[in-house]
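In the part that follows, the structures are each spelled out as structure tokens.
Below are two complexes that have chain A in common, paired first with chain B and then with chain C.
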Partner chain A sequence: MDHLTILENKSIFIIREAYAKFRNIAVLWSVGKDSTTLLWLCRKAFYGKIPFPVIHIDTSYKFPEMYKFRDEYAKKWDLDLIIGKNESEIEAGMGPTKGAKLDCCNELKTNALKQTINRYGFKALLLGIRRDEHGIRAKERVFSPRDENFKWNYEDQPAELWDQYKSTAEEDNHFRVHPILHMTELDIWKYIKRENMPLSELYFSRNAKRFRSIGCVPCCSPIESQASSVDEIIYELEHTNTAERAGRAQDKEDAYTMQKLRSLGYM
Partner chain B sequence: MEERSLHIVIVGHVDHGKSTLVGRLFYDTGSLPPEKLEEIKRTSEALGKELEFAYIMDNLEEEREKGITIDIAHTFFKTEKRRYVIIDAPGHKEFLKNMISGTSQAEAALMLVDVSRGVQEQTLRHCHILSLLGIKQVAVIANKMDLVDYSEQTFTKVKDEIIKVLEGLGITPAFVIPISASKGENVASRTEKLSWYDGPTVLSALDSFNSLVIEEKGLRFPVQDVYEIEGTKVAVGRIEAGVLRKGQDIFILPQNRKSKIVEIKKFMEDGLTEAATGDCVGLVVEEDGGLSRGDILEDCAASTVTDTIQANIFWLIDSEYRLGIPVKFKCATQEVNGKIEKIHRRFDPASVEIVEKDSTIIKPAEIAEVQIKLEKPVAVDKFSEIPELGRFVLEHAGHPVAGGIII
Partner chain C sequence: MSTPKTLVIGIDGAPYTLLSEYMERGYLPNFKRILGSGFNLAQMDASIPDVSSTSWTSFMTGVNPGEHGIYGFMELKYGTYKMSFPNFMDVQAPSIWDITGGKSEKGSTLFDRYRGKVDKTLRSIVLNIPQTFPAMPLNGILTAGFVCPDLKKGTYPESAYDYLKSMGYIPDVDANRAATDPEGFFREAFLALEKRAEAYEHFLNNESWELFIGVITETDRLHHFFFDAALDGSHRYHETFVSFYRKMDEVVGRLFDRFMEITSGAGLFMTMSDHGFTVIEKEVYLNTWLKENGYLNLNPSREFFEQIDSGSKAFAMDPSRIYINVEGRYPLGSVSDNDKRQVIEGLKKGLENITYNGRPVIKAVYGKDALYKGRATDKAPDLVCIAHDGFDLKGNLKKQDVFGTSHFRGMHTRHDAHCIMPAAAAPSERLHIENLADIILAHLIGG
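Showing the complex of A and B:
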């Protein structure tokens, strides 16, 4: 079995475990390459039709290209799309230039997510985070329990042996399930190529610039790149040593921003 | 390059240099993004330290301030030969459940020993865990050679000590390598100071490990779930051992019913006639009415169907077990309630001698040989024969409390 098929099987196994255990689950779709890959894997796991909702947390600051891609594929893939927004904070003018970026991420992403989970009572959320993205994400479990305040107790995570994932305990509000935790950025691109997966145009070079990681317009910087096809991006990644999230402003305010965001319930 | 990544866990006593070794391995092979190195330089300075290689793995604020590893981190590394997933495990007794979680994902291990201190409590405990979890490929890393003036004599003493422990547990280490992780000596490149040593560096020792071989075995297909796809019932799952063929006769355990594979289904792959170990597939079987999660499909009904399990278990949590407390037994996709009915013997792997025979309790971090009684029969194998159906987790009130292997 080849490398990508091994990774794919692992992901499909995890997705099916989450659905088998909870039924009332949803998958988070940021419209970026990782969560689009996750959606693709969910479609494979369930033979084309994902049997649970797909949540897009909309900060209202996303790129127009992302909204376009989202709406196009929500229709094509017959997704049960839920758009989660922290309306009151958006109306009150919350944004990345109003105070700390950490507050903006926390209000418009984490709290919007909390509101959505509470409204629908989901027992588990599938998330497309990967261990190689960030040192904090390298510490995650595949099934990661969150309490009623959505706190990630990273100092006392449950044992996770082989492929036996923790059952629900009294204090567990919901689980974050991470089906592509074991994939690297390069694996994702090679998988996108093999599967001929559609992807937002933002990833491909225009005017000698492209985005390597996408999110909100004010907090994402493009990189210098001529790579305008998946093959060229793979070549570029095989010859670079720069970190993937180097263009993401929220990671950089201080060394532990990501840890703080995540302990509060950020993705 | 090999297709399959090799998963390697780094184990050993606290402060013997596990995270530093991994950090150094990344640094010395140029596997570290420049921003990451900058970030580590800044943090090291802010905490008043020299460049601290352990911070490459220890990313939690608490870990850096206390200078310890709390939880496992998985990182990715590659050589020309293969991809590696390096799992850095914590060395404290209180984080043992994290160490075991990491080790359960590994196929090979690096066991670190500080030569200036020798074999210590967690060294022994971790050696036992490696042995129980069936990890046969182990290299011992004798670290901190700089603290003993690169003395061959001190190295040999520690080497003999650790080899004795490992061999007593049925593990023959592939190498014992003298290094200084903090100075990068014998990690990726050799050093004059250890000219008396002519074995491999850590980096070349990694490449000498064998990759996982999938052996030919009888079919084991635990049903994960049953979906209805276009009016047909499809049982999904992963082939844990053996191969599946369209048209093949099968046994459904633990009920021991007979059936036949009518179709093998994967999305957008029509006409599949065969699927191999590790493949996640859907199956349409004859008279599918009864299939549900936890059923095990086999070619020869070779697994043992029983409600009494003999096993070695390792206790993961801070509170002790007392005979009679209910547990949930989870093996592959089978989940059955039960309880430990006999504790034949229990011991603390850090002190080697038997603590107690015919006990009524199991204490934190102990290993015990037990008999588990289940409410319903399950289909299991010996861990030494088919590990996927020979290993299990015990839960209590939704929390994993022990891992075990069937003997």
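Showing the complex of A and C:
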């Protein structure tokens, strides 16, 4: 089996396992490339029709292109779409310029999701996070228990050796399930290419800029890139010397600095 | 008229007391010879906090951190808990070589004093001063010191980079090896010192210059991991430690002789350090103390300072900086401007009362108004602690206990930096690292 098929099989196994164990589950869809890939895998796992709801947490600050894409494919794919909104905070004017950005995320994303979970009583949520996104993700599990306050006790979680997943939860807990945890950014793009998946136009270069990840308008900035097709993005990820890309050059210098400071006990 | 030439050899972390002791023991014949020829060795105070980035910036700008804006190796981006690493672009005051070159877009109180005396023909060679990355164009040559993530971007002009690259210059040793492979670490440290000496002599002899500053970093690295070997004859690496100082003494002696030859004895020669060192008895984790005393809540599912959770009143950053988690300034700020003073007072009292086996840990806690003056005070920590020798104050976020030990053996001291300069140029009052730029400028363009 080729690499992408192995990854796909693993994801589909996890999705079916989660559905079989919990039944009352939902998949989170931000309309970004990772969660759209997850949605695609869910459709494949159940032969086209996803048997559980798809939650989109709407902060009201998403790009217009994202709303358009969401509505178009919710219809095409016959999704049972739940739009989660923290209405009272949106009405009260919460936004990135009002308070601090973290407050905005906390109210419009985290609390909106909490409200939605409470309303529907979901036992597990499928999320499209990937292990290579961020250092803290290295500690993530495929089946990751959360308490009612969403707290993740990363020091006390099941081992998950040899793909044995623990999927029994105590009362009041819900599980976060991460079917594409094992994929990298490049795997995702290669899979998108193989499957000829539709994707928001924001990812492709316009005026020499494209978005590498998408979310709310005020908090996303595009990177310099000429890549205007999936093939070009794959080529860019495989071949571009990261130091040549402004945003990522800074990341590289910061990573070097952090490693140096740590070696002298400053971190 | 005397030649304005100035040579400064920076020796990172070389303590006044250790140099005195080693001279006494006869380990440093060149230092001894220099002191015997009209030079004075003085104990010097470093900036607060006594960390290299802050102290070297104070040296090169001649102003306090309240003016130059560098309070440590890391900061939080305004309005967030995300870390950022200030570099040379974040230095808010002009350096000595900016001042001689009349670069005026950044003002400073020191610059004001020399405004009418700039001399753009003066050429500067600036090698390996920490906090000078990325290299900015100057009349002369610069290669950046710690932290220098990219030697090419850290060196001006490109011909200097080509030279350094071709001769195998080592910008910084791999300190991680000190714990895992000490022999390899020593080999690299000796080699790095040798390469620096070779590069410094090359520029000294083959370039024209009026101001020459060359810094040796390896002493600091050696101290962090092996300072307990400095005076302990039974320590496994005592001989190695001493032989490193002997080698450093040789390098200083060679550069001194060459300088005296070039200037016929009329230039300004100086060696100095950015802080002293002493042996660590215990590391003290300020954030753990803050947690235990109800000032700090952390959410361990996030990373670094983004772990700071709602309800937190204060947090600490390396080395001994305390920031109040003020509303409006930080995303989860929980202290109002009205309550800030009270929180600071409570913290001060609490910190001053920390003890270890009945002994006080912290010598003094300073409020920012007592330490800093200038237009860059908005970034200043609200409190800075100075510990008694032996207690190394740390900003780690993941320690369970307030006190601990690690593989580090040496800690910085504020009061034990050193400076050697001609007795005739030395001020009578106690030296502070912020005074040196003025003394150098007075020699270069003041007269």
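Here is the rule we use: the second predicted complex is superposed on the first by the 235 of 267 C-alpha atoms of A that agree within 3 Å, B and C clash if a C-alpha of one lies under 4 Å from a C-alpha of the other, contacts with A are read in each partner's own complex, and residues count from 1 in each chain.
Following the convention adopted for this analysis, a residue touches a chain if its C-beta (ideal position, glycine included) is under 8 Å from a C-beta of that chain, and two chains touch if they have at least 3 such contacts.
Bear in mind the structure is a predicted one, so any value in this text is a computation, not a measurement.
Asker: Quick one: is A:224 in contact with chain B, with chain C, with both, or with neither? Answer first, second, both or neither.
Answerer: In the superposition, A:224 contacts neither chain B nor chain C.
Asker: After the superposition on A, what does A:256 contact: first (chain B), second (chain C), both or neither?
Answerer: Touch status of A:256: both partners.
Asker: Please name the chain, chain B or chain C, that touches the greater number of residues in chain A.
Answerer: The partner that reaches more residues of chain A in the superposed model: B.
Asker: Mind working out whether A:265 is in touch with chain B, chain C, both or neither, as first, second, both or neither?
Answerer: Second partner only.
Asker: Just to be sure I read the superposition right, which of the two partners does A:103 touch: chain B = first, chain C = second, or both, or neither?
Answerer: second
Asker: With the two complexes superposed on chain A, say which partner A:46 touches: chain B (first), chain C (second), both, or neither.
Answerer: First partner only.
Asker: Considering only the contact definition stated at the top, list the common interface residues of chain A for chain B and chain C.
Answerer: 134-136, 154-155, 243, 256
Asker: Name, in rising order, each residue of chain A that touches chain B in their complex.
Answerer: Interface residues on the chain A side: 1-3, 6, 9, 12-13, 16-17, 19-20, 43-48, 131-132, 134-136, 138-139, 141, 154-155, 157-162, 164, 166-170, 172, 181-182, 184, 241-243, 246, 255-256, 259.
Asker: Which residues of chain C touch chain A once you look at their complex with the stated criterion?
Answerer: 51, 73-74, 79-81, 83-85, 146-147, 149-150, 172, 174-176, 221, 224, 299-303, 318-319, 330-333, 394-396, 406, 408
Asker: Which residues, counting only chain A, touch chain C once they are in their complex?
Answerer: 99-103, 134-136, 151-152, 154-155, 243, 252-254, 256-258, 260-261, 263-267
Asker: If you look only at chain B, which of its residues touch chain A in the complex?
Answerer: Within the complex, chain B contacts chain A at residues 3-5, 30, 32-36, 39, 42-43, 56-57, 59-62, 70-76, 83, 85, 97-98, 100-101, 104-105, 224-225, 227, 229, 234, 236, 238, 265-268, 276, 278-280, 282, 293, 316, 328, 330, 333, 391-393, 395, 397-400, 403.
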